[in-house]
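Below is one structure, written out as structure tokens; comments come after it.
The chains carry the letters A, B and C, assigned in the order they are written, with residues numbered from 1 in each.
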């Protein structure tokens, strides 16, 4: 099993405030890892740091064995890392089709995007849309989509680059139970070639998707293990006292 | 991902290009025929000015309407190419085959360092730094003797292959029309290309574009240079028509004027800047015989536009027809 | 040489304090309302003109110094209540364009009311003499202005950092919606802050008049320099505005004295350098 992502003793400080403290994380190819933790644990910061939005104050990040500490988001992307955002980052004024078109075109950039072949692109876009069940909504302006559909589009954008590792930041946040169910189905259907790293609050989602779980608390790794191990972990239960979930 | 054959495996039709090209072609053909149908030379001059500023406004809209960068220093490139023309023509040769390419190159070359620095900022700070750069150019043009100082520089009659050309207003009229047509073709080509679509993405959500793998800064710089280049073309037209350049061509009031043209016509709409140039220039000429308080009018225009008609005339028209912004 | 330095330093301090009076209002308005008021220079000039008219009528410098800000406060409050407040949720640049439009309108209205000539204004009789500094005489009015500036900075800093109103302002900057939810009348606070800014601009206009003169175009000249100060100091940062005023004041004064051909370049260059330094290594959206 090869390592797809290695986070080594990464700390992230904003001024005097340490959002992450010496976090260690290793994710292997094909794995489905969930990152959980109470609010303020640093989950989004961890994602943002891995994705290249912040340069870690300390520590190193490796993608498939190659050091990528401090690389920019677009550089991370070109090495196979894609992400979704907790709050949708979509092109609201454009249609669903145009959104995915932009995402797919990123690979065909050339010097300035002048090397573009629409034909190959069109079926690729249609395929992506079909996979996230948005095929029927291609001509709709994104701002007119339902929230759940926007989340699905968010996923489609991330998948467009054929990533090898996908970071999903609270993919089911704000969704109704029905929407959550289809989102979980979508994620389960993703091929095992794509390694998944998911930040989630919804424990049902976590337990139905994750192979392994890393628990963060106050910026540090509190525990790591299989879902069963985490469930039985007393420390984790204490930290989560009052949170819904399986007991 | 297994590719199924999906019924929707075809790009949904974008808004027809004919809504842009048809009116434009009609206008150009009308303008071509107008002089022989008895267009007065005053109107010819007016049209030339409108065409010049249409190009300038279109070039600004590449930055404003398509990339989402509000520049308050676009006059800089207008001025630089004009001054390059003036200096080359008066001190070396008025040969157009020399002055035109070099002047355009000057504008583009200036855009590289200025753009590289400016795109590292956004929003209000981008506005301030573009303003600052233009002001520096204005100050240089105003104070430095070798740039003519506050008196400006007179541009000698242009020559083509050694022969004086463009000596009649009518000749210049047709030339300006030709340049305008070519500029439109090129700029619309840019807007409709993959590059243009990428700029739209940057305007809509820069963070997302970066996460999708685009080198956003490279695209912004590209847009900046393209905008500067076409702004330079407008500057050359202006210098050759008036046969004179002055520091005012770099003043922030000119940047503001172009900005209001883009806003009034509708930023992000292909025909918007042209409509805006037409309205503002006509208004300016018409009002100048009634009042000297052009600032008041301009200010009211800004206020009214930004309060009630953010999308400009093109936007209102498009809304009436049920169409969307640039697709 | 020492004389030259002393004079220039004193002059630059005077200029800096005037800049600070303006930068304070502009920075506060941005810090709280997230609005860059490009009409700020117009309020400055309006204060000068109103002060001039008041002085012509009353022959009292102090009366003018009270009426000028009174008028600009009222007009500022009206502008905010009737127009600007609808723009708080709009894009930042929409507000910039709006206030710029008002700046243009005010400029021409002032031209209509007061004409296009340059006017002079007198210093207050109590300070119209000069003070001996070394071998030469320095106008005492200018020294008074330095004192005014420093006092104002200290007073404002204390007010914002140490009082409850100040805490409220700082909280509102951080989270408008929350503060409103706590029951404070945020709208009134916003109007008050905006009007305070324009009031400062108005009184600065009259105070500066004996040194700068009063003429059309002064509004935009002053606005440009103030914007540079505010950008360098950091939008919303009061202490930053103070130090930036000192820096820009010194740059422009010494620049004009030593390199007259390059004077404007200096302050624009300073601003560009500061902006670029701050943005280095960060994505452009995150530069504050």
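The rule is simple: a residue touches a chain if its C-beta (ideal position, glycine included) is under 8 Å from a C-beta of that chain, and two chains touch if they have at least 3 such contacts.
These figures come from a predicted structure and were not determined experimentally.
Of all the chains shown, the one with its CA centroid nearest the global CA centroid is B.
In terms of the distance between Cα centroids, chain B is separated most widely from A. Centre-to-centre separation of chain B and chain C, using mean CA positions: 34 Å. Separation between the centroids of chain A and chain B, computed from CA atoms only, is 42 Å. Averaged C-alpha coordinates give centres for chain A and chain C that are 47 Å from one another. Under the contact definition stated at the top, the residues of chain B that touch 2 or more other chains are 207, 210. The multi-chain contact residues of chain A, meaning those touching 2 or more other chains, do not exist; every residue touches at most one other chain. Touching two or more other chains at once are residues 283 of chain C. Those residues of chain A that touch chain B in the complex are listed here as 51, 72-74, 77-78, 82-83, 85, 89-95, 97-98, 101-103, 105-109, 112-114, 116, 118, 122-131, 135-136, 138-139, 141, 157, 159-161, 191. Per the touch definition, chain B reaches chain C in the complex via residues 70, 117, 119-129, 132-133, 135-136, 139-140, 143-144, 206-207, 210, 256, 259, 263, 293, 295-296, 298-303, 305-307, 310. Against chain A, in their complex, chain B makes its touches with residues 1, 3-4, 6-12, 193-195, 197-198, 200-201, 204-205, 207-216, 218-219, 222, 324-325, 327. Every residue of chain C that touches chain B in the complex is listed here, in rising order: 36, 83, 86, 92-94, 96-98, 100-109, 111-112, 224, 227-228, 231, 235, 261, 264-265, 268-269, 271-272, 275-276, 279-280, 283-285, 287.
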